[in-house]
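Next come the structures, one after another.
What follows is a pair of complexes built around chain A, which joins chain B in one and chain C in the other.
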Partner chain A sequence: MMNLSRSVALISLFLLPLLSFSFSVDNPTDRRVLVLLDDLSLKSSHSIFFNNLKSRGFDLDFKLADDSKLALQRYGQYLFDGLIIFAPSTERLGGSLDSKSIADFVDSGRDLILSADTSASDLIRGIATECGVDFDEDSSAMVIDHTSFSVSDVDGDHTLIAADDLVKSDVILGKAKIEAPVLFRGVAHSLNPTNNLVFKVLSASPSAYSANPSSKLSSPPQLTGSAISLVSVMQARNNARVVISGSLQLFSDRSGVQKAGSQNQYEKSGNEQFVTELSKWVFHERGHLKAGSLVHHRVGETDEPAIYRIKDDLEFSVEIYEWSGKSWEPYVANDVQVQFYMMSPYVLKTLSADKKGLFHTSFKVPDVYGVFQFKVEYEKLGYTTLSLSKQIPVRPYRHNEYERFIPTAYPYYGACFTTMAGFFVFSFVYLYHK
Partner chain B sequence: MVKSTTKDAQDLFHSLRSTYVATPTNLKIIDLYVCFAVFTALIQVAYMALVGSFPFNSFLSGVLSCIGTAVLAVCLRIQVNKENKEFKDLAPERAFADFVLCNLVLHLVIINFLG
Partner chain C sequence: MGGKSEPAKSESMATTTTSPDLINSSFFSFKSLKLKTKQQELLLRISILGLVYILAFIARLFSVLRYESMIHEFDPYFNYRTTLFLTEKGFYEFWNWFDSESWYPLGRIIGGTLYPGLMVTAALIYWALRFLRFFVHIREVCVLTAPFFASNTTLVAYFFGKEIWDTGAGLVAAVLIAICPGYISRSVAGSYDNEAVAIFALLLTFYLFVKAVNTGSLAWALASAFGYFYMVSAWGGYVFIINLVPLYVLVLLITGRYSMRLYIAYNCMYILGMLLAMQIRFVGFQHVQSGEHMGAMGVFLLMQVFYFLDWVKYQLNDTKLFQTFLRITVTSAIMVGGIALGLGTASGYISPWTGRFYSLLDPTYAKDHIPIIASVSEHQPTAWSSFMFDYHILLFLFPAGLYFCFKRLSDATIFIVMYGLTSLYFAGVMVRLILVATPAVCLISAIAVSATVKNLTSLLRTKQKVSQTGSTKGAGSSKASSKVTLDQSQPFQKNGAIALLVGVFYLLSRYAIHCTWVTSEAYSSPSIVLAARGAHGNRILFDDYREAYYWLRQNTPTDAKIMSWWDYGYQITAMGNRTVIVDNNTWNNTHIATVGRAMSSNEDEAYEIMRSLDVNYVLVVFGGVTGYSSDDINKFLWMVRIGGGVYPVIKEPEYLVNGEFRVDKGASPKMLNCLMYKLCYYRFGELTTEYGKPPGYDRARGVEIGNKDIKLEHLEEAYTTSNWIVRIYRVKPPTNRL
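The block that comes next holds the complex of A and B.
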């Protein structure tokens, strides 16, 4: 008996570390990341980025993109939480990976960083199109900008551009402002305008265009100006996050940038800060929200009733927490709203937050009966979407809940009683008059 | 022509008035009561025209209590009037007792319908 329990304890001790080997609901930051490279020298040329990831606790697994033993799943379980594809020229991925398996990977809620470069293959373009991002069809085109290029551009064809048109979001790019411009050298992509899940993180300046730098332009370029996105991001409906970049050099170790036409010279480009903050967002170290259940009750009570009556006063509250990378912190915002919804919102109120992550409000049930839902639909740029609802019926007045005396009818009440009094007085007078 | 009609109207009015003064006091008391009841009913109708007929049952109850008691008073007057040959044999106490009982029933129904 003693031996059995001891061995069970030992075995569970060994198994326990395995439980922390993937992201979970309580710990949404990714753990194991597969990095696919088409050239192992990227490990050293992009060492700052990879070392930064390792120092934050990620398990990086470097593999060549056409390694025949590649697998994302084994026996139905995913082996990795995140995928970085720095293999822009790979035509076919090895092992069991292909465009569909990567799409399934994102569908399961896992994150992806995809980078193309000047020689983006059809496979990479296909994966990007699945996420709503369209690379320039011309395979030899690069982004050229004759006013925002970096003066350290050695080729002189203004393809190394210094971009500073970043998305305004503290969640995605961190609270600290990225002062220096970000160096970029690669292909342009545009976003499908009907897709509302994808948005630009780094856009090109209005003077940029996408064309082959070594040949003369024969016709006006298709992609121009701010429609060109250099780095885009997609947050899927299951909260998987995808970063798509047009340049692999963006992630590399690089320093020193001066934008042409500006006096500021920066010793360090904004690249390192940019990709660090972006990777924090992609791998769910930031901007991940969790909501507790919706709580509602009548004013003055604590239990949740099974049914409300019209014109009841009720109080509603929900707890929302934000993952800080290590722990759940209370979320503070002033734009979370609740709807009291039946086919359309009858009541829409903004919840007021206290510092402990409790959002609450109180309102009166409308004068309509039926089956309503409390709905909290929160979609803020860069944060996970919260979509909560709870159903509750509302009944009309019972026959004994109406007001006893109707104020408009007081004259009629008065008239009836006056008539009775008049009859009483009349009978006395009639009988006893002289 | 006109002058004669106005003179006729004035004569009519005067003759009515003089005849009325000669009626017995108890009949005059009944007439006063009827006027009071009809007046109360008219006030209620005017109020309903202003505000609308929302608690219609209360309106009907109020108006019918006044009209009902007026009708019963008119019946009493007919039965008690000595000049009325039809009710010569009816004792005025009996007529008054009928009046009181009918009014009781009327007011019971009215209070029930008042809501």
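The block that comes next holds the complex of A and C.
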């Protein structure tokens, strides 16, 4: 028995680094990534992207998309923290994988990079639709832009476009500005208008449209202008992150780019920087927040009460930290707000940060009783969503908490007592005065 | 029996001769045959009362024997929960209790929105028993409070009957009220509701007031003020007292029966009663601010005017001058009163009558204006059959009693006549008010029975006396006997009297049988456990409610919020110990309407409403499998009406087909897709409920349902009880990727 427990302890000691080698609350960066390819040659044509990931400590597992031994989970445990699908033409995934299991993978809080391309398969389109992105229905359509194409686009149908309409977010694309345009050749997609979790990272210019470049346009294109998204991201409610790209070539390296009409000649396209930064974001190396529990108490006390009284003064604080890729750093912002909420916010206050991760404020409980909630709903572009709430009832005054003697009522007190005295005297006189 | 125990009694009296001379002498001076009959009568009376007291208690124990010692129905569960809180936390915590578990997220100030009389009474009984080292559970106390107070009511009825007529009428009244179904319906063991003690308090107040009017004694008036205070603390029905008593006083004034006794009784009772009633938080300043209480104040002022006029009349000898003065005073008094009332109402100081009060005066008012009042089954107008069911022979003894009352008009009989007539009118307006009328009906019927029997027996006796030429006088009232002796000429009088007596006793025994049968069959069901007859005549119990509530208690997070129609709110909080959105204390119509709207919207819209109310579980009651008819589908139109009353997007005609409420294939599309329909009939289409019927056959409504393929998007089935009566659904969190 002793031996057994010791050996268990020993095994767990060996397993410990292995266990910590994965996504966890304390270490939210993905580590084990499955890469699905429809052709192993992609491994070399996109080597810069993959090598970049490897150098950042990711453990990449390359598999053919139709490999019959494919499995995302074993015994109910996911084997991977992230998934990269570079298999635009695959009709069926191997093993037990299908679009539902990939959706489940995302719903379990894990991340996904999905790249389609021209003539993307229904499977890829299905997965994208699950994530709120609709690819152009015409399978032969491509994004065409006759004004902002790359001058290196030799064949002249202007499908290799040089896009520079990037989302303005340091969290998603890093602090360094991406100077050079991003080269894109692929299929357009639009965002599902009812889905407010998905947004564009790279949009096409207003002059772009989606059509089959080899045939004449018979009717106006369905997708035009800036409605076309080239690369989109979706952050699910459980903070799983998904990147959807309409082009597989985006991730491959290219050099030498000149946007049509532009004087600037760049040595190197912005693609490498773009996909690197995007992969940092999607694999939670950046923009990942964690919050401690909501702490509140009356002014001058330290313990959290079970119930507040109306007009109590209270202090509220919450700790928020940001993952820097290696360690948790205090989060600094001046836009975190707390609501004191009962069907609608009765108090809405901006929290002040102390640079050590502690966000703090104090306010007076409103003159309304009921079951309130402290709510911190922090949704900032690129950051993980913080949605914290804590329920607390607010009671009215107790019977002995009201003012006992009201100054304005003294005349009434006086009147009452003089009447009583007068009545007593009157009764006495009436009864005993002959 | 009386004869047998009589010597023992006199013996015991004789042995205790250590008592003072006064009693001794009076005892010995009355030691004659006449005294013995009086003693016998006293003994008989006490033993009858004792038996009635016990009878009233045990007649109400059917439910405990049939089922178990449990709290019944809906409101009693709230009362039980609050009593439990009171005994655990003490009176001050109870008084200041803010309940965050009901009316989420608004909460409810329990201490300020209930009538604490019942809970305090039960807690006092509980503490007294514990003090006497009877370690009973508070539930047992609560269950038996109603029978105990019913027993006490019989005593009050006896004294009341004695006060307005004679001891015989008192005894009959005690017996009648002890088993009257109209009263039993609300006071069986387990029916732990305000009415349980309120009827006792009501009758006690009336008795003490009549006693005060009869004697003109300040002490009795004070006692009636305290009785009124107890009534106010126990039940909202006190409004009936505060309107009936002034009305009675007004009638006495008009009929020229004004007296000093009345002046003392009413003034003392009104002033003290009002001050005492203000101590109840829920009532507060209503006595001076609400329109319903203004009549009492007006009559109070009128009394003072009367007293003043009386004084002036006494001072003034000139009648002509007095007539002029009277005219001026009365006119100016009425004008001042009218102006004060007008100003008070206009400035908002005096609140107008509440909807419930209006609906009493105008039975159609609630139906048009306040669906939430009209939706309660016990607020419906009374059917003739239920009068027959609840009163039986009292229904035609009542007019006879009125006849006797009018024949011997006094201050007391005028009171009981007015009480009887007004309460009977209210009983006709609302089913539940049969309860208030019951004591009056019993008392007046008792007068009829007692007077008739007395007349008949004295008839028999005088005949005997005439034939025997005995020297002893009849024991009956001299008036009746002398009257009877006058017309001896009628033949067959004796036989006729015997026949009539037999008839009366037959009727009374039929009454007793009827009452026992009604109590046993109709009024002893706890309604939380349903009983049905099986195919072989055996009893089947459906304990689904408690099954569901205990499931909630055991399987949901402690801060889970349950949405259900308001009927089940009290039970969920008391038995399931979970937060509810709305409950039977229907104080916030908008909140109830929101729930009604959620139930009658389609799933997507309902989901938005449920999210905004932080609902975690939805509970519906469904009788389609068992044939239980008072389920949520049958209540559904009220949800639509109440929801539509606040949110005009809900329109009742959209749920009806040609004005008809249907759930089968012909039902309206809105009906087939609303949340309530979906939740009730989810997976019901797969179930065969009755042999020879298609699957999805609803036994409560006797139709095959119209939408058998129900898919739920935002909710999932969490629990369905064994007979499908209660179904609980979990509200899913919003989808992860949308």
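Methods note: the second predicted complex is superposed on the first by the 393 of 434 C-alpha atoms of A that agree within 3 Å, B and C clash if a C-alpha of one lies under 4 Å from a C-alpha of the other, contacts with A are read in each partner's own complex, and residues count from 1 in each chain.
Note that in this section contacts are C-beta pairs under 8 Å (C-beta built on N, C-alpha and C of every residue); 3 or more make two chains touch, one makes a residue touch a chain.
Since we're looking at a predicted model, the values are computed, not measured.
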Check whether A:Ala409 is in contact with chain B, with chain C, with both or with neither, and answer first, second, both or neither. first
Touching partner for A:Tyr430 - first (chain B), second (chain C), both, neither: first
On the A-aligned overlay, A:Arg395 touches which partner chain: chain B = first, chain C = second, or both, or neither? second
Determine, for the superposed model, which of the two partners chain B and chain C contacts more residues of chain A. C
Which partner does A:Ile307 reach: the first (chain B), the second (chain C), both, or neither? second
Contacts on chain A seen with chain B and repeated with chain C across the two complexes: none
Give the list of chain A residues in touch with chain C in this complex. 103, 106-107, 130-132, 194-195, 197, 234, 236-238, 240, 307, 342-343, 369-373, 391, 393-396, 398-399
Spell out the residues on chain A that touch chain B in their complex, using ranges where they run on. 406, 408-409, 411-413, 415-416, 418-420, 422-423, 426-427, 429-431, 433
Can you list the chain C residues touching chain A in their complex? 92, 95-96, 98, 100, 104-107, 109, 559, 579, 612-613, 733-738
Chain B residues within the chain A interface of the complex: 25-26, 29-30, 33, 36-37, 40-41, 43-44, 47, 51, 54-55, 58-59, 61-63, 65-66, 69, 73, 96, 100, 103, 107, 110-111, 114-115
